[in-house]
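Shared between the two complexes below is chain A, which has chain B as its partner in the first and chain C in the second.
Up next, the complex of A and B:
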């Protein structure tokens, strides 16, 4: 068969494809194609704006109904998070652990493994970090490094248990990671309530001790640059940003990331191409646990709290980090601004609750915003797909008799 | 509306148009079906047959056009309305639940209380009336493909449809089973005055079984005639839109007179080339069911060996073994004289095995990855350094393969999902051959492709073999097997029931082997 007839056939096979466009070395055109926002893209942006406005309206109504002032609340959020250097410091302090959790979630989700137990992995990470920081007599900044390494290992181990349960007993991963969270809460609670393990040393003559650990020694804490009232940056933020950038590069550019994406999109095809699917997905889950554990270590070792381990130390950072990844649709690069937004809400929310607005309202506002950001792409996808498969029903009057096929 | 012709059509479609985005699947299609006749609907894949039937069943809404059933305008908003009008369909892919018994499957979808005795009696009645013997209490997953087809037909006939639609009903049937089915359809139209629409892309069965035939090409009615007044050649020409003269064409259409062909003669049976693939006593059990039962196969360098048989006789399992997805219970696989452990990741492709898998959407390609990525996924090492994938090398490699294999895509960045079936299949073939395999497994490589793409695939497989690669063609199409292979092995019930050079193969002999009778 000659080449020309073959080309013809190929053309009939794909009439939409333009052969002339096959030369795709043209970087400029490719970049432009990426930037061009499709119709569904505009729809998504538009719907998001509308839903954010609705979420804002609902939040205002809620604050009004509890006797607060919407404008005052907005101002409080602004003051607490972005109005000055101190606000920004708090915001960024909150952003770091969220970003870490989100980056780890991106890795697991890309591999097609749905880790939703970050909250527990954060707790276990903090616990492992506290254990090392309080028990090892290491001097100098090496201790801080050891605290973080222990935290990451703790988180990896906790998530790794779920991977093993899946491997050997076929236990559903979302279910096991979720349930392991509740176990983690109880475990940490028990440890900080047992004087022989991690509970603080009894104070004064009464001999009373709360269910918290001793504070981490100064050597085990993360350094901060800058002095109040100017901008303060904690080492945790640098770690989070660097690891997120590394994650983005590994996922999009490396051989490892290629295999991970292939596996997430089609495990069967990946297996076909020689990927050790069981091993690789277990590793991805453990790494996402390590990121969450590291976030726990950062929570423990940065000036965001009291540097003491307690069961409340995770403070929903695991759940919020999961939401960050959800809103960013598992793209680490997008997770950076989203984590920042959540950091603003956390910092501002803390400030807001100090002005008398109940904290649960802050949570409600946050949830409404998440819905506003997550829903549009899913909704528009669903509507377009539905429209594609079911056309509009023809309500036509009986057509004038058309020439009939020879029957 | 009063019908203008003296006879009221059982079903009349006028000007049916349905578009999906920029693609017009059906373009002003007219079709008239009478009671007491079998109406063939012929067309290539993608000609619009399925869309038209989905419109008829109320699964898809037409953009324009009118449908009348027994002279009355109908709306067809949903499948329930279609059912109430007496339109019933036997789908191409079985919609049966394996864990349930025959009568339970038949009763599925009934409203109200289910009366087991009544359903069983009805099944016995229908099966006696049409000559479709079946045990109502048998579990469906224990039945053969032909028996399952029978259950589907009974399920449909029990609801007493006035208009019966069958979509590619013979793809899982042996020759004898197909003839049996056509006899049942003949009874349904002649004795009971039903109307039957038979959808097929096989010319031979349209010619044999129908009274009238309508040919669809690219969404339009290309031809309409009484079957008796036309010829298979004419139908083939109308279906493809050009004269059909090439042998490969004819085979692709199921037109080829199945007889011994000259190019088979050069492979004398006693001097076969050195084996590149040797499978010995391969047995696979899955969940206590024996899928492969001591299967033996041998493929020599440069020859095309066909494994021919009716769907569901272990071919899919064999494909899974060659894909490294299932571990054999016993038996060995040797590639190039070396024994290979199929489930060890990468072992098969390292040993020199390339595979075009049967379910290309599931395991052949990753639909949401780009053409370049799909072409690189089995040889990542050659397009990357220690850590990172070199995009430049990956794209250069992709462009080279795309040119060589004639893959048409708007760019190498295009997700494979947006490619036509033929182009997707060429992506798989290009990738597998770029690894320089010793043996290429092609499992149903032409399923779902149009004639042009099928022809192209045939040419490429012949070329591959001419270059010295052994090719194992797993196929259910007799014409395809006869046109391509030099050696034929027949699979039935997980065993090879017979093996012969194509020169010794006759349809009768193959038919008996397919039915499980050793000759």
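Up next, the complex of A and C:
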């Protein structure tokens, strides 16, 4: 442990394993050891900060190059999202569906299944919710519950189709979920353009119906606490937070979550340990679809829009939720602040566009931030590993070849 | 006579809608044979469409616009290649972020700038253009379209017959075996992405300064994803991929033309056709066996 190479290797492997062993039983000191940040951890944090600053600088340069004012734009985002209770209400309203999508993505990704079709699953969820909300003649808050359940089932079914395609025809999951997204957009568009299915009943002076559904009846909407000038909280946020907490607990503390993680790390090892890999990965994909579908139901039933189904209702929530999970590196707990950040950007972006700066600026900032957060750990890990392997390669015999596992 | 005219019009419009897809599909085909499931092709097409219009507006020459667009696609391919095949960031993640970045960037810039309109010239071949039905479609196009006559066979030859292409396919099928024989796997994949970006850039630029002459927000509108669908539909073979592009281009043309002809066909179904056909092709035919075995899997020597 004298050379720097060896220390780094120990650091990158499991920084708190030996420490935890020695301090067995001493809970407080073990917790402290857990908090100890390894050298690669510090490097990651440092590089992230540098990249975030660069991302901010690039965004500011972009605003300046088009004759805008960076500080003015930042102030507009602040005013629209966090400066007062009304801003916070909008931010939290935007956060709830993002968090739901992200929590679902964490489940699929932990199982080693890469779902990128959340946008379509959100849409199908909203569609199923609209069907139930507009067709069932149920009174009272039971209708809202049914809308959400239908939305979750719709999303699960849509993702489940991809799981079945993978199971029986070996169709690549990222590819099928991506293609299914575009099918979902057209399916919803067709439904809200067909008077016999979900299109609004013709109204008004023109007598022409647009491609939207009728608004969800009041009983089907999610309740909101609080009045306008003060903070308003929608039931969707509670649902999102509770489900995210449940996801975090299930993934890290339950037997089911352990199987899922084992499968994500090595499907072959999991198979030999008796995990039904094909079934479990399909279930994980369907659950992530259910979360996305539920997000669609929340979009439909909360005052974020007009409570009407239309092909634009998802408004990139699926894509953004996926990015939230990527930035949070598939940990539901970390997804909460990240979803809040994205909610701030969405709410602030809406306010920003009312000041004359195009909303698209937020998309640029968002993408740059995602890169700034996603890249550092992978970069640092790659560099350290390369340096470490250069150090040991002379002393070790060549590693025996292991058969490749189809992902 | 009218039916012949209608067919001729739809075919001509279908071919015009096919050409940008065909350029990009050549690139996507090559990248996927090397094992990269490149979804940033949408970013490559959209970004190059924007820069080609900007460059044409600044210089007054659509040809320079075309070249700048091509270089933009190459740049995006370079970025994608380095992030996913050097820094080892998941290729889908890189693609998603690049798509969202380029969409935001071009949308922002087009709403804060105005550009003058420029279009490359028409190259009409006398004699051949008068052939009934197909003449107008095949021999009366913007000049860069004829580059396809060169590029499609060239791409086929490079992938299927050259040593570089053999190594490329090896990298897509079994990167570890390729690595053992001394092929630099990630290097090859980055090269494939550069080439893919160049061709997709040409496709995007052709769409902007070739067909339309201007840029509007989210101009490609998912054409990159249609290209991916075409490669899947074509079962990772160039000929069938080109056929897929033609089918999708024609279905797009029919969507635009049929209402005027008084035929009602489900618009949404026609828009969804490429994705539906790609999925059906994967489900019904045994073409999934032709998928490059290591498609979408990162290569890292130490993780073997």
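The criterion applied here is as follows: the second predicted complex is superposed on the first by the 363 of 407 C-alpha atoms of A that agree within 3 Å, B and C clash if a C-alpha of one lies under 4 Å from a C-alpha of the other, contacts with A are read in each partner's own complex, and residues count from 1 in each chain.
The criterion applied here is as follows: a residue touches a chain if its C-beta (ideal position, glycine included) is under 8 Å from a C-beta of that chain, and two chains touch if they have at least 3 such contacts.
Given the structure is predicted, the values throughout are model-derived calculations rather than measurements.
Peer 1: Could you look at A:254 and tell me whether it touches chain B, chain C, both or neither (first, second, both, neither)?
Peer 2: After superposition on chain A, A:254 lies in contact with chain B alone.
Peer 1: Which partner does A:271 reach: the first (chain B), the second (chain C), both, or neither?
Peer 2: In the superposition, A:271 contacts chain B only.
Peer 1: With the two structures laid over each other on chain A, which partner does A:370 touch: chain B (first), chain C (second), both, or neither?
Peer 2: In the superposition, A:370 touches chain C alone.
Peer 1: With the two structures laid over each other on chain A, which partner does A:379 touch: chain B (first), chain C (second), both, or neither?
Peer 2: Second partner only.
Peer 1: Please work out whether A:116 is in contact with chain B alone, chain C alone, both, or neither, and reply first, second, both or neither.
Peer 2: The answer is second: A:116 touches chain C but not chain B.
Peer 1: Of the two partner chains, chain B (first) and chain C (second), which one does A:306 touch, if any: first, second, both, or neither?
Peer 2: Neither: A:306 stays clear of chain B and chain C.
Peer 1: Tell me the contact category for A:174 with respect to chain B and chain C: first, second, both or neither.
Peer 2: Second partner only, chain C.
Peer 1: Both chain B and chain C contact which residues of chain A?
Peer 2: 389, 399, 401-402, 404, 407
Peer 1: Which residues of chain A touch chain C in their complex?
Peer 2: 62, 66-68, 114, 116, 165, 169-172, 174-176, 178-180, 182-183, 186-187, 189-190, 193, 319, 322-323, 326, 358, 360-364, 366-368, 370-371, 374-375, 378-379, 382, 385, 389, 399, 401-402, 404, 407
Peer 1: Touching residues of chain A toward chain B in the complex: what are they?
Peer 2: That would be residues 1, 6-14, 16-19, 21-25, 30, 33, 253-256, 258-259, 261-262, 265-266, 268-276, 388-394, 396, 398-399, 401-402, 404-407 of chain A.
Peer 1: In the complex, go through chain C and note every residue touching chain A.
Peer 2: Touch residues, chain C against chain A: 37, 39, 83, 87-90, 92-93, 96-98, 100-101, 103-105, 107-109, 111-113, 176, 222, 225, 228-229, 232, 266, 268-269, 271-272, 275-276, 278-279, 282-283, 288, 291, 295-297, 302, 304.
Peer 1: Could you please specify the touching residues of chain B with respect to chain A in the complex?
Peer 2: My answer: residues 1, 4-5, 9, 14-15, 18-23, 30-32, 34, 60-66, 73, 75, 77, 212, 214, 221, 224-225, 323-325, 345-346, 349, 355, 357, 362-369, 373, 377-378, 380, 384, 387-389, 395, 399, 402, 406-414, 418-423, 450, 452-453, 455-456, 459.
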